[in-house]
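In the two assemblies presented below, chain A is common to both, partnered first by chain B and then by chain C.
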Partner chain A sequence: MAAPMLRWWCLGRRWLLACIDGGSRHGRGAAIGFTSSRKRGQTSVAQQPLITSQKSRKGEHEWAAVVGLEIHAQISSNSKLFSGSRVHFAAPPNSLVSFFDASLPGTLPVLNRRCVEAAVMTGLALNCCINKKSLFDRKHYFYADLPAGYQITQQRLPIAVNGSLAYSVCVGKKPSRVITKTVRIKQIQLEQDSGKSLHDELRSQTLIDLNRAGVGLLEVVLEPDMSCGEEAATAVRELQLILQALGTSRANMAEGQLRVDANVSVHHPGEPLGVRTEVKNLNSAKFLAKAIDSEIERQIHELENGREILNETRSFDYKLGCTMPMRDKEGKQDYRFMPEPNLPPLLLYDTESLPPGADPQQVINIDWIREQLPELPSETRERLIQQYGILPEHSFALLNEVGLLEFFQNVIKETRAEPKKVTSWVLNIFLGFLKQQNLAVNESPVTPSALAELLNLLDRKAISSTAAKQVFEELWRSEGKTPSQIVSEKQLELMQDQEALEQACHTVMEGHPQVVMDVKRGNPRAINKLIGLVRKATLSRADPTAIKEILERKLSP
Partner chain B sequence: MKGGRGRHCGVSAALKQGQITPTELCQKCLSLIKKTKFLNAYITVSEEVALKQAEESEKRYKKGRSLGDLDGIPIAVKDNFSTSGIETTCASNMLKGYVPPYNATVVQKLLDQGAVLMGKTNLDEFAMGSGSTDGAFGPVKNPWSYSKQYREKRKQKPHGENEDSDWLITGGSSGGSAAAVAAFTCFAALGSDTGGSTRNPAAHCGVVGFKPSYGLVSRHGLIPLVNSMDVPGILTRCVDDAAIVLGMLAGHDPKDSTTIQDPVKPFTLPTLTDVSELCIGIPKEYLAPELSCEVRSFWSKAANLFESEGAKVIEVSLPHTSYSIVCYHVLCTSEVASNMARFDGLEYGHRCDINVSTEAMYAATRREGFNDVVRGRILAGNFFLLKENYENYFIKAQKVRRLIANDFVKVFNSGVDVLLTPTTLQEAAPYLEFIKEDNRTRSAQDDIFTQAVNMAGLPAVSVPVALSNQGLPIGLQFIGRAFCDQQLLKIAKWFEKQVQFPVIQLQELMNDGSSVSEIEKLASVSLKH
Partner chain C sequence: MWPLATRLGLRSWLGWRRGFTSKADPQGSGRVTAEVIEHLERLALVDFGSQEAVARLEKAIAFADRLRAVDTDGVEPMESVLEDRCLYLRSDSVVEGNCAEELLQNAHQVVEEYFVAPPGNISLPKQDEQEPFSDN
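Let's look at the complex of A and B:
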């Protein structure tokens, strides 16, 4: 799915929410989040009684928000973390369940090598320190879709620690400035996914699907280094791109391969951190930023009205646009952690520590995985800027859409047009068409070759840019035709006959003496009117620059 | 030491030479199972499966394509090992009617060798106990209660009339397996050993009970008690047989990540003729005040025997022994609390009728499914794992466990080859006597000499030594270095030969003594001289 992704408005500022009145809060609602959710975001914020009823308290303390994230990424692997069952998204319920996944007594976990490699690779890409020895633990809680009554995770000694994730936000209006921010990564741990509970309200039954039970997860814990929903959403987006570039997770939020929980608190700068709440199941890119911001607002509102923040788990109700306490997580949970006795410590090696004569099938070499690391999104963007001289924000845009970069590079390969021209066409016109029709790049009716050919025609001035847009529309509508065919069918070639163009200019000048007079009197805009008239007379087939040249010559004293 | 074994030759050789066919052998055992039904050794008798397996074995013998020493040999398996298509209950209401869809690795290995599975043996519920008295299917009775040796001694005493209520426990928790082997209903049985559950009933039933090194034999399919201590145990009528079965079972299992990677070669146990190079350690902490005089005297006789044959016998110290049982209790209950969490009535096993909420269903299912012992251990374990208790109990117990393991390492590093200890404090107790104390107290008493070995993951074997004044078996335990299982069995075999433990005389028990005595002649798998 071509999920609508982050844009960068005026980000990276401090929260000064205490001074914000109802009106400007609407503005903020619009500034945060995702393009496609903008409208909905505005209305739902406006509908919140909580916000409209709040009195503004100008001149009071500022508030600062602190946001940390726990992100669960499903590992892209053929089989589950501890069993041989296949991993597949839309298989029939309970068709991918081994005896171990169903927790039949006597079954034992066997660690999947691929999942370990994915964790190591992700850890390296996120600048983590890879622990050469890590341990597995059991985390106990009773839940119908957790058949063993515990989840195997890495609580004490996870596979990777102390990393960082850099993400960029664009600040200010044109020309915008790209600011790189960093969030520290506390740890990455390997753990099992749970099954799914399907509640049949009608018959008041719960049905359990264990297909997902035991699928490998990477839990990535981001330190509370973020201060608003949009920062969090941008960091998540960057992580998503990294995972996809590595191939360690498909990281598709709609399919539940990337799930986010946020820890949110507010405090006055300079004072200790406030009590935090955990906002669970932020499983849509659309509502991630919005949920966090609404929780920040709620906490401020509570505190300003003299109430306390409870250390609780909440979930985001996207219909109401606010977070609600989660009923089934009430009460103190004690997970009664215990070492998993059926899995020996997970030992990893580097080239230096590799035991001589070790069976390559039995050991994992961190250095070898490091060599396999592909180009990461930040490196790709840097390369695009260097190679094609495009703007930083354009490099972000190219990576934000699945397949867009590849499309762009294929156009570049086949066209003589300037990279900047290509960028502008791909990001404005091509992407615009896709968005309008809600299509993914690979669903586009226009191929990279067709666009390349069109840009070639434009580049050698065979057509005007207006005509080019017309050709593009035709291409979009009628598959199979080449741009040249469309140009000749619709007679969109630029007038190459200089004499005829001179004549056309002459006729227009004759017919509009008043405008000519305006030009001569020094009205700079008047000449544009003449150009427009000439273009109209030539059925838009004349090059406006050429027209301007002729007119200026004829009008010069 | 008194007594002496009857003459018998290996059943394996008899099968090979055609003196008896696998089907005949299977039928003899089945008929003995029926005759000894009152012992309650078996929860499930898999008669049909057994006869079919025997028939297939017979075909192989006829074609001269026997699979090896175990082909056609009747075996029994404790009812906490998963058996494909055969009900596996753990002697718990929770798993009544549960039929696993797969075989435990050890069961599969035995079947692959042509062994004939007679049935599933009784135990304490989920192997929690030391008497085989606390299962959902009732207690196991010790065959020695009905032996000529014991009966004759009882007659001399005034209260000998009340014979039926005076039967003895087997010890546990693998009491069904021990009784099954002792009563000749099979030639070998699988037990499990977490704190002594194989060795303890072996000692009480006068059979060999072997606990392999942790990691040598796969636990896949063994329904766990304490994963970090459980090992499949082997019960046989002689050490050679235990070695044969071990040879079939040992080795890496890709389904159990805690098994050793190094390949294990099949082996036959060499006969040790000279013990003068050996150093036998006698741990002084095992001289417990509760140890009966008789056991103590057999223990010192055994030490003298080694010394008189030229072995070096020294007193050694395992200083942390006294902390072992309480430490075992914390670790055991903690893992139990965790392992039992899966029994929630959803995927398999018992489910109550209550359906007002998932939580109410869980609670009622678990209350109905588990006995008091299991529920008590779950409660204790969850208490130890609570955040505020974890450091004080679980972590501390783990540290003590390391100290206990180190005690053994130090002793073995000092040049000791094996340790010689008692297996139990005394001979088997009468049931009515035994149940005067609760399960926890009994387990703490009865596991005293055995559970430290599980904490350290070492191999150990209980070998029957002699009969007590009451005419009941007494066993002694040898403890070996980790993964030196073969050397341990080699020494145990030498010792077994010296002591000539008497054969149980069950003739009076049967209406016709014939069937027992026939089987008796084929008492072991291996060829005896």
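Let's look at the complex of A and C:
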């Protein structure tokens, strides 16, 4: 199954270089070789890039990095996990808070059905085993944005375990090979979000807004099967796309709906795993890879200079571009987990075990949810490749932008042009214009119908491709005009008059006898000169292929 | 005195914790070390205050320890007294909230509809220098 692409870049990074098939080395020990690492049942290629530090002139000192992720995704629901207050991003402070959220005495948690369904759906999409019985626990710690002093989570027996997430790595240049990597999912659990704290350094106080307190979260724990920042970023991106396709979370990192913590350690291959640090505050997809890579670099640097890695929590400082220690934990943080006494075990059923005569509102049927699963991104990409014959990387690009796939499909519906042509126009020209002006697909001044019409003109050879690009620019600038209107206004139609074209060719040939001689003598490039001259003479309104055909006919003995 | 739930909770927690630390209390000795007291005070924000209080704690632990007299081999532990109850599932509709004014009345200090808290966590006295926790 095709999955999102990741390009391994052979850039100036001193320790991360993609060289497959033999690991060629150049520079002073800054190279990568590939060895097979521990078996992973689901991938055919189990490889881990090795990192050689720049300092090794004596012997090649190879390091392998190990990255695990804990991802918190805010569940897309109307109300919170255990209370009936609203879930919304921007609202006046403390206006979306119920008595339970504020942890007033005498309040009790009541589980939201939608959140359970979201968890089951996500678990099924990630190939997890759904636990028919799961339990809720309390995780205790003191912080002002956690009014109860504990968070209700699922530590002992979460709702889903043992899944997998597949993502793709694209290696080499044309033709690029696709390697599918898999990361195991340890578990998915339901838990409460905490409130928000705004730190006021000036007045030495913290302002607390509990609107977010109690919102349902899905915590997805990824096993340390990843080996660098790029892999982690790609895995997160794929998870984001899956959650958005399922509708279980909007997974928008900028709005805090998707938060990632990374556990990073380094070791020499063959030796036991090193001490890991936790990197928090990874709230932007752009910096996720950078933060993890800079932490790997830091750890290698420390270890090579004879120092030790502390098991601590660090946060990524965007301005400095490196991780800083966040808080010192006096030993390990003790959360004093205990069962949540106010919630019985959560029982899920399937069609077999569904108790007869049960209130449908009160039972959740895993099989029914499985049937409702929408098409996942990997399935969509595969379908696009099969249906339209496009390349995997294009398939990925179409899914990577919100609304782009829909736009593409609308254009395809209305045009006779080949899918490959449509893909090229949508991904290169259309997307290029969007990016230049920083617009979203739904803000585009060009509608799918307009582009479809333009492509039809091109397909009919009514205009040349240079003219088509001009028309597109005009479409972008001035709304309301159709491609046909623009073509006739600017007189961009291709010359259809065969006689006039023949005449033009004849004139050019008469006017440039030397070039004609070159062609007759067998110079293959000379004919291009003639074609160019004819094009100029016809003000670029002639189809180059037609010109070439006429010239060749005239020039043959 | 110590309510039963706290005693049992404490006992189970201590037993659970024993599995973790190497410097655990010797089995059933009933003595609670100063280190454990300090740790408890920081975690649960209780104040043991005096040696009397610690002695009371030790007695409570010894009392709860008598549970060990029961043979629980092969018996599934009970997670909750509610384990036979049905977990009620609420439908996903908005029925609460919009009571900022009422809630803020409880607060000692308020700034523009925000609760005011001291910056980070305040460390307890007689601890070493401790950096305030930054945002979770």
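Criterion: the second predicted complex is superposed on the first by the 476 of 557 C-alpha atoms of A that agree within 3 Å, B and C clash if a C-alpha of one lies under 4 Å from a C-alpha of the other, contacts with A are read in each partner's own complex, and residues count from 1 in each chain.
As a working rule, contacts are C-beta pairs under 8 Å (C-beta built on N, C-alpha and C of every residue); 3 or more make two chains touch, one makes a residue touch a chain.
A quick note: this is a predicted structure, and the numbers were derived from the prediction, not measured.
When the two complexes are overlaid on their common chain A, residue A:I208 makes contact with chain B and with chain C alike. In the superposition on chain A, A:P360 makes contact with neither chain B nor chain C. Of the two partners, chain B and chain C, it is C that touches more residues of chain A. When the shared chain is aligned, chain C comes close enough to touch A:S79, but chain B does not.
Applying the stated contact rule after C-alpha superposition, one finds that A:S103 touches chain B and leaves chain C untouched.
Applying the stated contact rule after C-alpha superposition, one finds that A:R114 touches chain C and leaves chain B untouched.
With both structures placed on the common chain, the touch criterion links A:A144 to chain B and to chain C. Of the two partner chains, neither chain B nor chain C is touched by A:G270.
Look at A:L347: by the touch rule set out above, it reaches chain C but stays clear of chain B. 99, 102, 104, 110-111, 140, 142, 144, 206, 208, 334, 336, 338, 341-344, 362 are the residues of chain A that lie in the contact sets of both chain B and chain C, per the superposition on chain A. Residues 99, 102-111, 138, 140, 142, 144, 147-150, 206, 208, 334, 336-338, 341-344, 362 of chain A touch chain B in their complex. Residue ranges on chain B touching chain A, taken from their complex, read 81-82, 88, 90, 95, 98, 100-102, 104, 219-224, 226-228, 254-258, 261, 334-335, 337-338, 340-344, 346-348, 358-359, 362, 382, 385-387, 390, 394. The part of chain C that touches chain A in the complex is made up of residues 9, 12-13, 17, 39, 43-45, 79-100, 103-104, 106, 111-121, 130-136.
Of all the residues in chain A, the ones that touch chain C in their complex are 77-79, 83-86, 92-100, 102, 104, 110-116, 135, 140, 142-146, 194, 197-201, 204-210, 281, 315, 326-328, 330, 334, 336, 338-347, 361-362, 364.
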